[in-house]
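You will see two complexes here that share chain A, one where it goes with chain B and one where it goes with chain C.
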Partner chain A sequence: MKFIAEINVMPLKALLDPQGKAVSNSMKNIGFQEIENVRIGKHITLEIECMSKETAMEKINEACNKILANPIMEGYEYTIKEA
Partner chain B sequence: MKFIAEINVMPLKALLDPQGKAVSNSMKNIGFQEIENVRIGKHITLEIECMSKETAMEKINEACNKILANPIMEGYEYTIKEA
Partner chain C sequence: MKFGVVVFPGSNCDHDTVYTLENILEQEVVEIWHKDDDLQDVDAIVLPGGFSYGDYLRSGAIARFSPIMKQVIEFANRGGLLIGICNGFQILCETGLLPGALLHNNNQKFICKNINIIPDNNDSAVNATLNKDKALKIPIAHAEGRYFAPEEDLSKMRQNGQILFRYCDESGVVSREHNPNGSVENIAGVCNELKNVFGMMPHPERAADDELGNTDGRLILESLIKSFEEKRVSSYN
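Our next item is the complex of A and B:
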């Protein structure tokens, strides 16, 4: 079975997010005074071929920890659905 | 009213995504043969202070087109909810 996963990798809440901070400041400067607390992370979509949803989820957790996210600085969450 | 927006900015389907391609290939090399078609974009969360959901959505569209996404190379979608 083929699954499609949508993964969000975000900088941990406790850490500074320089990219988001820079965009927050730019927002103010170009007239978006109402926008604040911008945080920027990665959005990843991928396809995975597995026997069951459970194995797919295990694989995705492993992939996130090994290659897609840096667990020291980033957290991740994902949704998975059948393709 | 304060709203929280979750925005996904992804490279357009028609375009190559070199970052995603590189990760797809790495997946194969480190034992994730079942993963393919990785695409990588940005996930952005922000807070916006507006009178109504409609004005908030207008502002977010404007912000996406002006600063968060490059409409020539990227598409965006978002969800918005009351904080």
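Our next item is the complex of A and C:
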């Protein structure tokens, strides 16, 4: 079975996200007074061939922990669906 | 002393490192392509600066899985001397051989300039022979150099003398104003618990030639060589 995963990798909340901060500040400057706390991360999509959704999720967790995210500075979450 | 300089696709300080070690410090140097599987009996390995794999995903994240890195990690785990400069430091943090991680500079800019650093102690091969009260002028050139480690790691590192260098002013005073990239506690370089793996963002190899008007970086590399020759710091060979 083929699945498609959509993964979001985000900088940890405790850490300064300079990109997000710069964009937050510019939001105010261009008139979006109601927008704050912009944080910027990465969106990754991938396809994975596995026997079941459970094994696909196991593999994706493994890939996220091994390379796609660095747990010292980032967290991740994902959704998965059949392709 | 025999050095091996690992060349990744996108390394760009490999030749500077080879030149400094070979022509200025008169050591034997071999270049090791990242797909090689032979460390050629070197005494120390340098992971040079640059943009391995274009810094895709995160700096050092892909180079960390280059074929040669298996041997490099085994070499370090056997006590071999391993130093990562700039991108090399980022790669070593990604492998987990060094604690912490390197994040985007807090001003979100690529910074290329001379800064000052001061040795935090004389406990490691790379700072053993340095004057602890004298700042060294060394260039930095990075966009992702903001060192970060969780407090529990930092307190262990402080106790164990694993902080090699801190950013400071010309007279050696460590202050927030002289922290170029937002690194936690002004940290510019660290080592592992066993003190055989070193990482630093400043480029000592770029400050070693008289012709360039700054030779402070040479002192760091000389310290490594002297420590190896006098104390045989590497238990591997």
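Throughout what follows, the second predicted complex is superposed on the first by the 83 of 83 C-alpha atoms of A that agree within 3 Å, B and C clash if a C-alpha of one lies under 4 Å from a C-alpha of the other, contacts with A are read in each partner's own complex, and residues count from 1 in each chain.
Everything below uses one rule, namely that contacts are C-beta pairs under 8 Å (C-beta built on N, C-alpha and C of every residue); 3 or more make two chains touch, one makes a residue touch a chain.
The shown structure was predicted, so the numbers you read here are calculated from the model rather than taken from an experiment.
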**Message:** After the superposition on A, what does A:18 contact: first (chain B), second (chain C), both or neither?
**Reply:** second
**Prompt:** First (chain B), second (chain C), both or neither: which does A:40 touch?
**Reply:** first
**Prompt:** More residues of chain A are touched by which chain, chain B or chain C?
**Reply:** B
**Message:** For A:67, using the defined touch cut-off, is the partner it touches chain B, chain C, both, or neither? Pick first, second, both or neither.
**Reply:** both
**Asked** Which positions of chain A sit in both the chain B and the chain C interface?
**Response** 67-68
**Prompt:** Which of the residues in chain C come into contact with chain A in the complex?
**Reply:** 57-58, 61-62, 65, 93-94, 100-101, 103-108, 148-150, 182
**Asked** In the complex formed with chain C, which residues of chain A make contact?
**Response** 11, 15-16, 18-19, 22, 67-68, 70, 72-73
**Message:** Help me check something: in the complex, which residues belonging to chain B touch chain A?
**Reply:** 8-10, 20, 23-24, 26-27, 30, 32, 34-50, 59, 62-63, 66-68
